[in-house]
Amino acid sequence: MINKVVTDAGAAIAGITDGMTLMLGGFGLCGIPENCIREIVARGISGLTCISNNAGVDDFGIGLMLRKRQVKKMIASYVGENAEFERQLLTGELEVELVPQGTLATRCMAAGYGMPAIFTPAGVGTEVAEGKEVRNFGGKDYLMEMAFDADFAIVKAWKGDTAGNLVYRQTARNFNPVMAMAGKITIAEVEELVPVGALDPDHIHTPGIYVHRIFQGTNYEKRIEQRTVRGH
Amino acid sequence: MLDKNGIAKRIAKEIKDGYYVNLGIGIPTLVANYIPENINVVLQSENGLLGMGPFPHAGEEDADLINAGKQTITMLPGSAIFDSAMSFGMIRSQKVDLTILGAMEVSEYGDIANWKIPGKLVKGMGGAMDLVASAKNIIVAMQQVNKAGESKLLRQCTLPLTGVRCIRKIVTELAVFEVDAENGGFHLLERAPGISVDEIRNATAGKFFAPVHVPEMDL
Amino acid sequence: MINKVVTDAGAAIAGITDGMTLMLGGFGLCGIPENCIREIVARGISGLTCISNNAGVDDFGIGLMLRKRQVKKMIASYVGENAEFERQLLTGELEVELVPQGTLATRCMAAGYGMPAIFTPAGVGTEVAEGKEVRNFGGKDYLMEMAFDADFAIVKAWKGDTAGNLVYRQTARNFNPVMAMAGKITIAEVEELVPVGALDPDHIHTPGIYVHRIFQGTNYEKRIEQRTVRGH
Amino acid sequence: MLDKNGIAKRIAKEIKDGYYVNLGIGIPTLVANYIPENINVVLQSENGLLGMGPFPHAGEEDADLINAGKQTITMLPGSAIFDSAMSFGMIRSQKVDLTILGAMEVSEYGDIANWKIPGKLVKGMGGAMDLVASAKNIIVAMQQVNKAGESKLLRQCTLPLTGVRCIRKIVTELAVFEVDAENGGFHLLERAPGISVDEIRNATAGKFFAPVHVPEMDL
């Protein structure tokens, strides 16, 4: 019987090699696949193109991969909060493609939904539009943006079952469901792996058909980037 | 001259009962503090939440619950969580009634620049390009004059654009403007308390229009 | 304070007038907005264009509207099981536009996601492609299909709260979430209306921002079209 | 000559461990009865379900739980429910490994017609056009010869098409074929028990190819 469950991040990332394109779920440090990132860093896989909304911070998330110079190109919407990123960008070591956040999300969804391209008004008239087809619908201009093509998508969910069904928690959902749909191979790491039947079919955010490998992660740090609390 | 909280307070008056509102980082975030209690407003955070509440009490921060500025937040009753594609889906389809965001420059035709200063590090546009391209109702909250004393309300933006002909309303430390994207021009609607029309005119580099009588803001 | 809750179907369908375009959720008779259909029939609103996956059966669902000749045009993917429909189609009283089911769903989603058009391979080389733009991406042909434009979307959910957040039950979900996003005005009828706070934010299928009016329906028949049971 | 269950039984052998499978109405539905118990197969129903189980026991029918043929069904453990857009999203992105559906006609280039007979009432294509345009792996389950004794494996389809050059494999009451969409032709792979190559050739109107030795189906 085919089994999607793998023991750990080491087994999960089998097949990820130098030069591949990876999607990594999360928004800032929220809902990022900590275990897989740790393992990719440990193995030193390099020359990677990473599609992710952000690039982590200096010492966490994708920032760990940047520090080890494993990333050739970053496709993201916002890459602040990262001095090492800045250094590599200014020295030309790192290539960066900035994409409006909604365009980024929708290009992932397009891949998962088998749509080769989508139309969005975001970026019309700006440098984001350079080289792209502009098309008018109903008096408004839209850019045609292409679906992403990623070798692996790596996502983090709260719970998952052995069939690969995933449930996310609060805003740790963010890009994870759209990336889960979009990888040629999708790896899910979850805080809690449960048997089939333990999740309500009505509550599943990512159906298992999109998930090829799943494992229960360990030692989640779940770091908070901007700890803000209420005044008195 | 208004401080940041003054600008936020004035903008809060633009929010109507039943509105879904997206607040950008900076001054726009402060607007939440001035929404009248007798109206029902739902805040959208583009990382995937409707119903954003205030910051949590100390000790109740949850790493899984943040806003688009990556700050820890809370959810109000009636909140809904969704993924990033749906979040920008509702933005593009204009279900969000009002977007409030900051700007580095606005042109007299309503172009906006707020994401990139060439030569300085580029941090990225985040969701700003999606928001300005899609929202039917955008208010810019900004300082009208930079630290060098130069107006940021221009004939043409000098910085790379975030969006074209999309801004209709601007609230600054000096005034409230309406932008005429058709013919070009900043139309003065209200003065900050104690500020004269001439002071505002002098702080506006783009085409400036003012009626004979310009009311003071009611804060 | 603005209130989305209306008392009943009568109040909910206020503003629906002759000649409008309506989206109606459901698949077959599963998950259809029974209360609103009943009310539209009672009022005799006519000349309607209905976008719905199916056209009901002779004496239930949209079939009730057909029987009263309220429908000018039907946009659907499958319209069998309906003798009166057949009669009106053959006499030319009823106009029909048949749309592949995935195209129908995606054209709804496109409206809800602010995408003016989408690309799908469904129908390439068939009569569905007539008059449509064909475009090749990566060696494969796709049709460009336009987002729907509906005056009202009328959906049925299992539970809803007073903020308009909706939860569907099992396969009664079907087209309801994509249509809920797509109407200029969206009406939701629910089996159970609950106060805000009663639904888990992680379990909401349709966020309330998409829903303009909501009410708790009555006398749900929930008819089964093909009752099939297991042999012994 | 195979009956409907025989066709279904033969097709079931094409299903591999771990497959996600979409079964059309008619003979394809019967395939579910012959899936080996030692493999793990998940059935997709395009109205929005993965993990479709058998019909319910009498008295346990639920109006909210039906398949794409509108029949009452059950869910197996590990099922997931989703909306129609996602359902066809996973079909278009080829996450469904195998699609099994019926046909009125198939051409030697793999064109299929199965949704419309001009002059007769049109019921609609449902999800068939999406499925045939998207699936990487489609098996057609059909009667090779109609009631008038005419072959339905043709040089060209005479009925309005459902999809173009999309069918690779056909299982009929007489045989299993592979279709050569490149050069055109029905390549005989297997004979139904007791059926000769000549009988199959005579029942094939399109270009027909058979190797010297054609094995009998192993049912």
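Lettered A, B, C and D in written order, each chain numbered from 1.
By definition in this document, a contact is a pair of C-beta atoms (placed from the backbone, for glycine too) under 8 Å apart; a residue touches a chain by one contact, two chains touch by 3 or more.
Just so we're on the same page, UniProt names per chain: A, B, C, D = Succinyl-CoA--3-ketoacid-CoA transferase.
Treat the numbers as computed from the prediction; the structure is a model and nothing was measured.
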A-D or C-D, whichever has more C-beta pairs in contact: C-D
From subunit C, the most remote chain by mean C-alpha position: B
Centroid spacing, where centroids are CA-atom means, of subunit B and subunit D in whole angstrom: 55
Separation of mean Cα positions, subunit C and subunit A [Å, integer]: 33
Intercentroid distance (Cα basis), subunit D paired with subunit A, Å: 36
Length of the line joining the C-alpha centres of subunit C and subunit D, rounded to whole Å: 28
Residues of subunit B engaged with two or more neighbouring chains: 49, 75, 81-82, 85, 88-89, 91-92, 134
Contacts with 2+ other chains: residues of subunit A: 106, 113-115, 120-121, 168-170, 173, 201-202
Chain pairs in mutual contact under the definition given at the outset: A-B, A-C, A-D, B-C, C-D
Subunit B residues within the subunit C interface of the complex: 17-18, 20, 38-40, 42, 44, 49-51, 75, 77-82, 85-86, 88-96, 134
Residue ranges of subunit B in contact with subunit A within the complex: 45-49, 54-58, 60-73, 75, 81-85, 87-89, 91-92, 111, 121-130, 133-134, 160-165
Complex contact set, residues of subunit C against subunit B: 1-2, 111-115, 161-163, 165, 181, 195-197, 201-202, 204, 207-210
Sites on subunit A touched by subunit B in the complex: 27-31, 53, 76-80, 86, 89-90, 96, 98, 100-106, 108-109, 120-128, 158, 168-178, 205, 222-230
Residues of subunit A touching subunit C in the complex: 106, 113-121, 137-138, 140, 142, 167-170, 173, 201-203
